[in-house]
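Read the structure below first, then the notes.
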Amino acid sequence: MKEEIIIAGFGGQGVLSMGKILACSGIMQDQEVTWMPSYGPEMRGGTANVTVILSDDRISSPIVNAYDTAIILNQQSMDKFEQTVKPGGTLIYDPNGITKHPTRKDISIYKIAAAEEAVKMKNAKVFNMIVLGGFLKIKPIVKMENVIAGLKKSLPERYHHLIPMNEEAIEQGMKIVEKIS
Amino acid sequence: MGEYKLMKGNEVIAIAAIRCGCDGYFGYPITPQSEVMETLMEEKPWETTGMVVLQAESEVASINMLYGGAASGKKVFTSSSSPGISLMAEGLTYLAGAELPCVVVNVVRGGPGLGTIQPAQSDYFQAVKGGGHGDYYLIVLAPASVQEMNDFMDLGFELAFKYRNPVMILSDGIIGQMMEKVQLSPEKPRWTEEEIQKISGSWATIGKTPDRQRHIATSLDLDAASQERFNHKLQAKYKTINENEVRYEEFMCDDAEYLIVAYGSGARISQKAVELARAEGIKVGLFRPITLFPYPTKAIQNRVPQLKVILSVELSAGQMVEDVRLAVEGKIPVDFFGRVGGMIFSPEEIVDAIKTKLVGRK
Amino acid sequence: MMEIKDMIKPENLVYEKTKVLTNNIMHYCPGCSHGTIHKLIAQVIDEMGIQDKTVGVSPVGCAVLAYNYIDIDWQQAAHGRAPALATGIKRLNPDKYVFTYQGDGDLASIGTAEIMHACSRGENIVVIFVNNAIYGMTGGQMAPTTLVGQVTATTPYGRNTELNGHPLRITELLAQLKGTCYVTRQSVQNPAGVRKTKRAIQKAFENSMMKKGLSFVEVVGTCNSGWKLTPTDANKWMEEHMFPEYPLGDIKDE
């Protein structure tokens, strides 16, 4: 198994931490992982993205320009990354704020209204966990128990009481993700 | 061995330093390596191992604080990125001239000048060929993974004290910012006063006792003849380092007709390119120097008879390629492919370069 | 008549070489203040019994070779960086007495950042600052402390404030910083001055183990070679011209 993923959106959406939880979950099931963020001034409000690779074998390049899955959370990222999905690959996006929807015919496209769902759940902070749930529904590359173990690993102990809430968000994301084409 | 953790290269540098019994860190914030000091401050090692962590007023001060600690026999390190390392050039040549051990981590970003905060490998010349004035070398280690960021901290101190020479860990924004699975080294206690006495007691400035001459950490010798003798001694040391400390890794080289030479993050991306090219039936291998000084000249020479062309792949305008050419001695063509200014090549771009510059070479 | 060897007896001894000084012949010009200041530091180290606990940091300048004369462990610093070295030594070896010995070019010109921040952080070290208003080692160029109108190799028509700015009273500046506990200015051109300077140096060394912060002792000195005066005239010139700009006495004692 090898999955090359780009997660892209605004700084503050939890793009980097979502990638980190995914990578942590991979380690929990003895996979090789890399997590390569865009870094710099864009961390403070602009676009943020992270490349996460999970693999059963040693990972050579942490940097790739074609992805198995693109998780896209704003229009700039859509413009930049729609074309980088490998033919036959997967694109997941939140329609919130998207003005130009994806048009490719050679990939599977999924929609997840995570921002809207987070509002319903009255917790903007679980936005990225809803998205993660949507991804895991489509690509169950890590087991739920390993995600929880990964969360425990990556969160300081003082935040462990938030784990059930995150779990709920992941499950909600699995429910609301829908295939478009 | 311990369990696997998911950590950033820069974080690992800090944790590995604490775990290998480092005595002190002095540094100044600069992107993309600020996590090193941030992690150290978060960890508060002064409460556990007794390691000192101090934010200096500049890189100039950091490297000179390092000098002070190193000359008293302590395991000290600093970290910075390209513009900060330029400021440290003075201190580095003094440390080399006074034969003092220390570790300097350079998380390289693009230049020249203030340049960019994005990753680059354009400080190869500065790291390997000097940087400061005078005939000196740093021992230069080039990690290509977060795991090697961990491993080279301890190795760096080992080499620094073995040869009484500054060691540079030449990383970059990719290895520093990237998270990977890492297995931390077992914890080692800091050296006791007795151990320091045993290891460095013949030269460290730790207080003159009546039974010995005073120790002086200096790089000054106004007498030219004696300065020449000292320089010969330094060169003999570098020769020993060249004979004993070369490290490199080969990937799919046994039947290779073409060879990529790349180090650090460049080697990681090149490895994927080699995998892609091999899938298309191109017999290309990857040679990764791990030590940049000493350079694996002989190991490259040994591969030359089986090769048609070599390609040096670097995130620079072509710096290490000069050492590849020196190794090859004109026997076969050596070409270059790189991106500069903080731009990163993709594996596919390297595959294209393999096709045009190696296989399709006219 | 008495032979010399008959006179060398303990009961006839009126003065002896300071034990913590080496037997090396000093390279300083006759009349220079450095020799006296070196001797005072050596005496203080000897009397406090801290030879095996003291590390000195020598500067770039005439005193670069201070390590040849005071018999303790030394580190030689790049120009201006002595306070950074001393910070590294002291932070990692808090049981050691650590001092820097710096001239006006080293401390007040190229090394202003390092001294400022060492003072600001309140490093528990001693700084001996020798101010003779000129660059001695490089052949008598203008220092930051050179007086207005003073002729040097790079101010051949006298220091002109429009061109060269004003003499830098860095000691007064450093006294403003919370990290300094003792800031004083002394001189060694006469026995009274020598005694006071020695007391100041001793106090500074004692302070450094009380974790009170940085102790700073400026010694206004002569450079008769650079000033192109005889040693006697240099002393006189110092009293007449240097002391009004750099008045002696404690500036801060907490």
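Residue numbering begins at 1 within each chain, and the chains themselves are lettered A, B and C in the order written.
One rule holds for everything that comes next: a residue touches a chain if its C-beta (ideal position, glycine included) is under 8 Å from a C-beta of that chain, and two chains touch if they have at least 3 such contacts.
Source: prediction; values computed, not measured.
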By Cα centroid distance, the chain farthest from subunit C is A
Closest chain to the overall C-alpha centroid, by per-chain C-alpha centroid: which is it? B
B-C compared against A-B, more contacting pairs: B-C
Centre distance in Å when subunit A and subunit C are each reduced to the mean of their C-alpha atoms: 63
Here the gap between subunit B and subunit C, centre to centre from mean Cα coordinates and rounded to Å, is 39
Take the average of all CA coordinates in subunit A, do the same for subunit B, and state the distance between these two points in whole angstrom. 34
Show which residues of subunit B lie in contact with subunit A when the two form their complex. 4-6, 31-32, 117-118, 173-174, 177-181, 265, 268-269, 271-275, 344, 346-348
Would you pull the subunit B residues touching subunit C in the complex into a rising list? 23-24, 26, 52, 54, 56-58, 60-62, 64-72, 74, 76, 90-91, 94, 98, 205-210, 214-220
If you look only at subunit C, which of its residues touch subunit B in the complex? 51-55, 57-58, 64-65, 67, 71-78, 81, 84-93, 96, 113-114, 116-117
Residue numbers on subunit A that touch subunit B, as the complex places them: 20, 23-24, 27, 32-37, 39-40, 60-66, 153-154
